[in-house]
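Heads up, the next two complexes both have chain A, just with different partners, chain B and then chain C.
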Partner chain A sequence: MVVTGDYSAAYGALICDVDVVAAYPITPQTFIVEDFSEFVADGLTDAEFVKVESEHSAMSACIAAQAAGARTFTATASQGLALMHEMLFVAAALHLPIVMPVVNRTLAAPIGIWCEYNDTMPERDTGWLQVYCETNQEVLDMVIQSYKIGEHRDVMLPVMPSMDAFILSHTVEPVHAPSTDEVADFLPRYQPQAILDTSNPMTIGSFAPPEYIQEIRYQSEVTMQKAREVIQQVNDDFAQTFGRDYHGLIEEYRTDDADVVLITMGTVTGTAREVVDDMRREGKKVGLVKLRFFRPFPLQELRRVAENVEAMGVYDRAMSFGSGGPAFIETRHALYGLDIPVVNFLAGLGGRDVVKEDVRLMFEKTLKAAKEGRAENETVWIGTRGVKP
Partner chain B sequence: MAAQTYALAAVMEDNYAVSFPFFGAERRGAPVMAFTRVDKDVIRIKTQIYEPDYVVVLDETLLETVDVLKGLKEDGMVVINTARRPDEVQLSREVNCATVDATSISLELLGRPITNTSMLGALARATGEVSMESIERAIMEKFGGKLGTEAGEKNARAARKAYQDLQVGMCRGGKDFVPRKEWLPTVQEMPLGGSIGALETEAGLVGIGSFVRNKTGDWRTFIPHVDHDKCIGCRMCWFYCPEGCITMEDQKAVIDFDYCKGCGICAQECPVDAISMERERR
Partner chain C sequence: MDGLDTGAENTWCPGCGNFGILRAVKKAVQRLEETGVERDRLVICAGIGCHGKIFDYLHLSGLYSLHGRSVAAVSGMKMANPELRPIAFVGDGDAYGEGLAHLLFAAKRNMDVTVLVHNNGVYALTTGQFTPTTARGARTRSSPRGNVEEPFHPLALLLEAGATLVARGYPGRLDHLAELIVQAVQHPGFAMVDILQPCVTFHDTYKEYNKKVEVLEEPLDYPGALVLARERDRLPIGIFYRTEKPVYHRELHGDLHPIRDSLSRKQRWQLVQKLLSGETNE
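After this line comes the complex of A and B, so read on.
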């Protein structure tokens, strides 16, 4: 098929045979909801489509459905995700493996509909797994993998595969879709660990004084850590079954003998691959790391890469004001004790196009930092009028 | 939709293709762009296209305000929806140019001035990169699927007609464009948080009151005509006009053509059929 990222997400839910969808439309996620409701109307699925009055309600309905044993799906973006915020903690702490594609869109003010990661980044501490996609194929494949990872007995956590507003959500490109049967073989029926059942009543998410909560928090950390292995297993199984390998928490591109590497997320990765090839042809030893999972964060993987390079650049499409870009902050945490310069690049905020020249500048600044053994500026804003990069 | 359909047709011929839109204001009639890349190999780059091989112009009024050839490769081609011949079109430079009156074709075959599918046929002929048969198949899949077989076939016929009617030649060059001035403030110049009142900039007035100068009536394809003998002054058109550009004078509807976008809602709502929509002649 030649389809949008939004369609890929909706189609992923269809072939994963989800039982319940509760969602509220918001640009640029709207097509996910529309496309799935068409599947329901056309009789392609017997999933229950719950129309709700807000994203807060959407997530609440998903939590209830998942707790009742249903495989559940929703999707949102930007302000919608922010409105869901408090319920995201509930879904994760109750270990309900809901899958929710998020279309990364700038969070107001000012109002914009284009790509920025300031919507998903604030949700990194909710206990959801987060994975950032580069292509529509990856969006579809990660919906399937998200269910398999999230529903794994050792994980039981919700997953947020995300895609860049418009650059994927509204872009068509060829996507291969496995059949429902093929997916059914790969992804067994959801086996809930606790079910809300009137004949067998139980209580979930009830009041807990300090004597109990800390143990429950520790469980969240254990399952999130466990997800590292499961992500790799599922990736490898998927690659074997469907022939597409995303390499797990990160993907390395031409890093083998690289002097410097740049860490990118989302669609900028595709453009950066072109730049790496261009610069390699010029004899510059540059490589690329695609940061796929942000939760759990690939601490060991990035450290391993860093041990063999002279400097690292980290691209961020969001800023944690007063500190740094989220990917940069976490990368430096992963690299603690290693003596190499790390440079943070901010670009493409509010959906500004990140072009090859921007990425080349990131590589050149990182090469310069490698040569000098230190970064002239640790935080570099690229393409900001009135600010020297 | 048309850009996506072109990508689909290209993929049907064993290419890889990527297509995406860029919206400005989210409203009907506002200028939009769409980009399509076609290659034999997988396309990894995710940026907009700055140096196209082909430029397709669906709305000829843009030729007056935008240098549509900006970035177009030397041997590139511009394909324009216009009733004029290529050599009657003057642009910033002399380049390969193909023209077709897609608006008339669409009005004749679809009953609406939606020209995107017609222009697909024109593009197929102009470029020779994708066959007309694949365009028709892609239209049937894309439009036939959503709008029904009949609508799909009508659109495919419109594309075929544009394919046949296309005139290929060279446009004339030498048209001077005063580049549209944009307000692009630096961090230092930007009002805190982007909160502005009425601000005079190099691009004119920005913020409060800017629409007094920014006439949006030139987006119109159809123009409403009010027959004052029939108008009963009921104000239904005034009530429904989404642009708020109808006023009542002596109990008769009067339309402000500086802002009327020709949506036709007034004509639709008028209980005595006093308003008719006519093709805009510029």
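After this line comes the complex of A and C, so read on.
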């Protein structure tokens, strides 16, 4: 089928046979739940679709439905995600494997509707798994994988697959759509660990004094760490079943003999692949790492890549003001003790296009840092009026 | 010219009910000036939705807030500077949905602000989902099998919450609407005008409204207004109910102007010393 990223996400929910959907409209996510409501109206699914009055209510409804044993789905973007903030912690700490595609859109002010990661990045500490997609196919495939990963007994955590506003959400691409039966074989029925059941009453999410909470936090970390292995297993199973391999936490592109690598996320990766090919033809040994999962963060994987290169560039589509781009901060954490320059590139904020020339500049700056053994500037703003990159 | 144009490109659909609302607001601003309400005392706020674009088309000071939060924002404006006359432009999906609590509590407190609701019964900017005022059974993008929820009566709800001026207007009666806005801004207390806004793209109600709308000559008493506000078959426009009650900022700090009348550092220090010395303040 030739469909948008939004449709891919909705279709993913359909073939994963979700039981409950609760959602609220927000551009550029709206088509996801709208497409899903058509599936319901057309009788393609018997899912309960609750149209609530805010995103806060949407997440609350999903939490309750998942706690009652249902496989649930919702989707949001930007302000909607911010409004859900406090409920995101609840979903994760209660180990409810909800799946929620997020369309990355800039968070106000100023009000804008285009792509920036300042909506999902602030949610990286909520306990949700986060994966950033490059194509509409990946969006669909990651909805399926997200259920399989999140519902794994060793994980039991909610997952947030995200896609770039408009670049994916509203743009059509050819997408291979597995059938419900194929997915049913890959993804068994959801097996809840503890459910709200009137014949066996229990309390979920009760008050806890300091005597208990620290252990609960520790458990969240243990499951998040276990998710690393599960992500790889699910990736490999998926590749074997459906023939599409996303390589797990990160994907490397032409890194084997690379002098420098650039770390990218989301759709900029596609542009960067072309730049790598161009520069390779010119004899420059550059490579690319697509940072897919941000939670859990691929600490070992990035360190392994870094051990064989002379410098690294990290692209960020959000800024943690007063520090650096989130991907940069975490990459440096992964590389602690390795003596190579790491350069942070800020570009594409508020939905500004990131074109091949921008990515080439990132590579050139990283190559220069490799040659000189240090970065001239650690934080480089690309394509910003009045700011020299 | 009225000096209210901003030159921003208008992106409402041709025929949108918002054009009439914009015209009525501009007329109302001019009439208010004639009655002595200076333009720089009017401050505006808008939520998110098609209605929110009015913020870009009006050359007035203001703050563009978040979805549903305009009423809270104008409340803050009034509390900080009681000389201002804040106007909140909101939508039905905005103020009757996600921001409903703010609306009800501003009415309950009799916050001295004006709320103009562009009520089109649809989330138009996100292209056509049902809202809290969409009719039962209506087929929308989010209710392809028909809306299963009953809409609520916004005017009855606001009367119940304690609003001291409750009105309904229609941009098809431009002068009438402009006059309602003037009355609402001049009203000392919480004033809400629910504006029947046809949406030509997703919920075209021009024909229905043109046929059904009738002008209510006089405000009613409270029980009468409540009964009329619950009517579904008739669509009276005008002021349903008006009363005067103490306004919130005066109840809280009388004639004090929190910014202008705030104590200097020295005065505060003197006050602290007085308190510490055990002398009681009156």
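The definition used in the following text is that the second predicted complex is superposed on the first by the 389 of 389 C-alpha atoms of A that agree within 3 Å, B and C clash if a C-alpha of one lies under 4 Å from a C-alpha of the other, contacts with A are read in each partner's own complex, and residues count from 1 in each chain.
Going forward, a contact is a pair of C-beta atoms (placed from the backbone, for glycine too) under 8 Å apart; a residue touches a chain by one contact, two chains touch by 3 or more.
Source: prediction; values computed, not measured.
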Clash or fit (per the criteria above) of chain B with chain C on chain A: clash
First, second, both or neither for A:Ala109, with chain B first and chain C second: both
Which of chain B and chain C A:Gly270 touches, first, second, both or neither: first
Touched partner set for A:Glu34, first chain B, second chain C, both or neither: second
First (chain B), second (chain C), both or neither touched by A:Phe166: first
Partner chain in contact with A:Gln219 - chain B first, chain C second, else both or neither: neither
First (chain B), second (chain C), both or neither touched by A:Ile26: second
Contact breadth on chain A, by residue count: chain C or chain B: B
Which of chain B and chain C A:Val387 touches, first, second, both or neither: first
Touched partner set for A:Asp353, first chain B, second chain C, both or neither: first
Touched partner set for A:Glu53, first chain B, second chain C, both or neither: second
Clash with chain B (superposed arrangement) - responsible stretch of chain C out of 45-53, 171-179, 225-233 or 243-251: 171-179
Chain B and chain C footprints on chain A, overlapping residues: 27, 109-110
Contacting residues of chain A [partner chain C, same complex]: 24-27, 30, 33-34, 37-38, 40-41, 51, 53-54, 79, 83, 108-111
Interface residues, chain A side, partner chain B - complex: 2, 27, 109-110, 113, 164, 166-167, 170-174, 267-268, 270-271, 273-274, 353-356, 384-387
In the complex with chain A, residue positions of chain B that touch it: 4, 7-8, 11, 16-23, 26, 43-48, 50, 184-189, 193-194
Residues of chain C that touch chain A when the two form their complex: 48, 64, 66-68, 97-98, 100, 123, 125-127, 129-130, 132, 141-145
